[in-house]
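Shared between the two complexes below is subunit A, which pairs with subunit B and subunit C, respectively.
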Partner chain A sequence: MNVLAVAPAFPFADYLIAGIFLFFVAATVAGALIAACAKRIIRGVSGLALCSIGIAGLYYYLNSPFLALMQILIYVGAVCVVIVFGVMLSEPDEPLSAREQRKPYPVFGLLLAAVVTAAIFAGVSRVGLDTAWPKAAAADAAWKVEALGESLLSTYSLAFELISLVLLVAILGALAIARGGRDKE
Partner chain B sequence: MNALLQLHHQVGTYLILAAFLLATGIFGLIRRRTLIGMLIAGELIFAAAALNCMALNRFAAPNPAVGQIFVLFILGLAAAEVAIALSIILAVYRNYRSIHSTELSELKG
Partner chain C sequence: MIEFLTSEPVLAILRLVIYLVAILAFVGLNAAYLVLAERKGAGWFQRRPGPVEVGPWGILQPIADGLKLISKQTIVPPGTDGLLFRIAPAMVLAPALMCLVTIPFGDTVMGMPLVGRNIDVGLLMVFSFGSINVFAIMLGGWASRNKYAVISAARIVSQNVAYEIPMLLVVVTMMMITGTLNLQEVVTQQAGGFWNWNVFRGVWTMTNPLVPVTFVIFFICMLAETNRAPFDMAEAESELIAGAFTEYAGFSWGLFFMGEYANIVVGCSMATVLFLGGWQSPIGTVPASWGALGSLLGVGFFFAKMYALIFVVIWIRWTFPRTQFYGLLNLSWKILIPTSLFTLLLTGALLTIRSLL
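Let's turn to the complex of A and B:
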């Protein structure tokens, strides 16, 4: 189901498709930068939501509308909301402690982090670009959501069951830790 | 201009974006001072892994169902991780009245 290959004879359809793609790329990049660098933590959560919406759009361009829906549902609808609850229940934005304000070289840490990050980015993207990935375009019928659902319930049913088990255990563990917890004497 | 129009048909675009997400996630993980900020950065790294899987699934895998199910698994794991991490953060906050990473140093020698 290549949703983009069947573009109708619409004027400037190519430009429209490329423009929407660039919009989603920009949303992803801007959201990631906001999530990593914003001063207040609630803005970081909003950045994560924006980034997730961008990634959902990219999934659509990668032929998988199902995953695009899931990305918005899980990340924006569940993860971000839960993190906002966490922000409400604790106080992440506090003034700097006295020890941190006395740091001799505040710029040094930032520079070191930027250099490490740039090195990781350059290395990983170089590997991605230099590798000759094998071309194996799958048949369009294999992209249908029906095919995905069938293999989810037949070939990959173990993964399907395991993920529900993991979620159940995670919820139980979260409840056990957050409700009672361990008292600090 | 033509290259710009074909950008979404190339695997390199998605791989570079995924590398960028990974890099920003690691940057946030290093720079953030609170546990919630580090959790958000970790989510970015999860998203980078998922995008990478999905891009290679679209352009290089013979069976497209595998990558989609794998990414679905990653999404589920990310949700479970957030639930666990936030409950741990709440427990830490209740005990220490702070979630700053510099102040949680009771085990430090």
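Let's turn to the complex of A and C:
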């Protein structure tokens, strides 16, 4: 299943593996930074796509190629594409004028951002450190689609149903907005 | 010597290098010669000879084209996003190369399957990397800062989002029938004559009598996803100049076309693997006693089927006019999605009945 487990006798295997791992970590961090700092929104979305690919690589390292490929299929192939589509329909890609770029409360904004980030970081790291994580179930040697489907509909059925509910609400919302727009014309 | 080459770490590296080189050469040659096939085909369909000047019957034309493209400069228009503009062509080609890693070209030769990586989620891999293609063309169009390119980019997105849905529904249907995402296994299941290929087997085993319809839907979606005529809204040379590729010159433009042809190869390979039995013989099974020769015969079958499909793609391009854009979207949302949903439900129902019996 895992390419990394195929050839243990590969020379410098450990260094290669570490190098590729660092590459994915770097891609994730760089993508996140680009997404957060980019002036142009289209670059931000590209950063998000890069970040998603990096995360997909990390999933691969967690021995979960299915999740990795789903990450690419959904986040790059659907979410990023839809965001860019929205950008294209809404806003001309002109650089902002100096007046628009001026931030109204530079110090306050920075402080608020720092506090929120620190709170999220503290929360996540506390959960990460304090929780007694159960050991991951050993992946089956013979990976099967059936097993995936069964676990989605039994062990994880609550999450599965909740996600379908969210999607249903989103579809209904989109429908309501689109219908409303059509009546006005 | 042989022992050294087949000892484990050496063999792994050797396989990797051979496969990388072979795939790159395959994609490059395919792009070059499919362009020639396209131009020859266009010529014959329109009753003219096509390219004939360079080499006998024009067979050196792609090389001349390649040299011309390489010798030209890539011009980044002023005021554009240079980085995205340069990155977009590479992003079109790279995922297509990734997809080719999992496509099984043949049976095993000397204990090694003729596939880059026989991973269990191969089917998913092709579609997840295939989905990056849209994003890349769109970035190219957007980064060009050209009205035609932006219109084309917007069209590409709505087109690909619309056709991704029936495509994935069809693939889910096939996954339910085959019960696996491993492409080599999908091919192995279809052994023993053309009536065992997925496109026919569902009809007489009653797993899904509508499999031929599913195949047609898959093929239409494949045409739309690779932006081929009659769905070439992205390029639409008579209305949008060259659409998203308007501002590209030289080999960065060539890369887009290499990507397009690589995607056609991937799409037709997927159709071959999922529906037409991959490297299986159309009559019976190649006996195991034929060994490596039998495997090579299988590779021959695979390429025969794949290139026949590619010929159909070219044939359709030069036979049908470009559809209108709302016709394109209506086809997907009003016909293909309901039909593919219906076949999905039908397959589910029939499989459930079968498991209950």
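Basically, the second predicted complex is superposed on the first by the 107 of 185 C-alpha atoms of A that agree within 3 Å, B and C clash if a C-alpha of one lies under 4 Å from a C-alpha of the other, contacts with A are read in each partner's own complex, and residues count from 1 in each chain.
The criterion applied here is as follows: a residue touches a chain if its C-beta (ideal position, glycine included) is under 8 Å from a C-beta of that chain, and two chains touch if they have at least 3 such contacts.
None of these values were measured; they are calculated from a predicted model.
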Output check: A:Arg40 vs subunit B and subunit C. Expected answer is one of first, second, both, neither. What do you get?
second
Give one of first, second, both or neither to describe whether A:Met70 is in contact with subunit B, with subunit C, with both, or with none.
both
Output check: A:Phe85 vs subunit B and subunit C. Expected answer is one of first, second, both, neither. What do you get?
both
Thinking of the overlay built on chain A, is A:Thr28 touched by subunit B (first), by subunit C (second), by both, or by neither?
first
Residue contacts on subunit A - larger count, subunit B or subunit C:
B
Return first, second, both or neither, reflecting whether A:Leu48 touches subunit B, subunit C, both chains, or no partner chain.
first
Can you list the residues of subunit A that meet both subunit B and subunit C?
66, 70, 78, 82, 85, 89, 143
Show which residues of subunit A lie in contact with subunit C when the two form their complex.
1, 3, 6-7, 9-11, 40, 42-43, 46, 49, 65-66, 69-70, 72-73, 76-78, 80-82, 84-85, 88-89, 93, 143-146
Quick one: in the complex, what on subunit C touches subunit A?
8-9, 12-13, 81, 84, 117, 119-121, 124-125, 127-132, 134-135, 138-139, 142-143, 145, 150, 153-154, 157-158, 160-161, 164, 175, 179-181
So, in the complex, the side of subunit B touching subunit A is made of residues 4-5, 7-8, 11-28, 30-37, 39-41, 43-44, 47, 50-51, 54-66, 68-69, 71-73, 75-84, 86-91, 93-96, 98-100, 102-103
If you look only at subunit A, which of its residues touch subunit B in the complex?
4, 14-15, 17-18, 21-22, 25, 28-29, 32-33, 35-37, 41, 44-45, 47-48, 51-52, 55, 58-59, 61-64, 66-67, 70-71, 74-75, 78-79, 82-83, 85-87, 89-92, 94, 97, 99-100, 109-110, 113-114, 116-118, 120-121, 124-125, 128-129, 133-138, 142-143, 147-148, 151-152, 155-156, 159-160, 163, 166-167, 169-171, 173-175, 177-178, 181-184
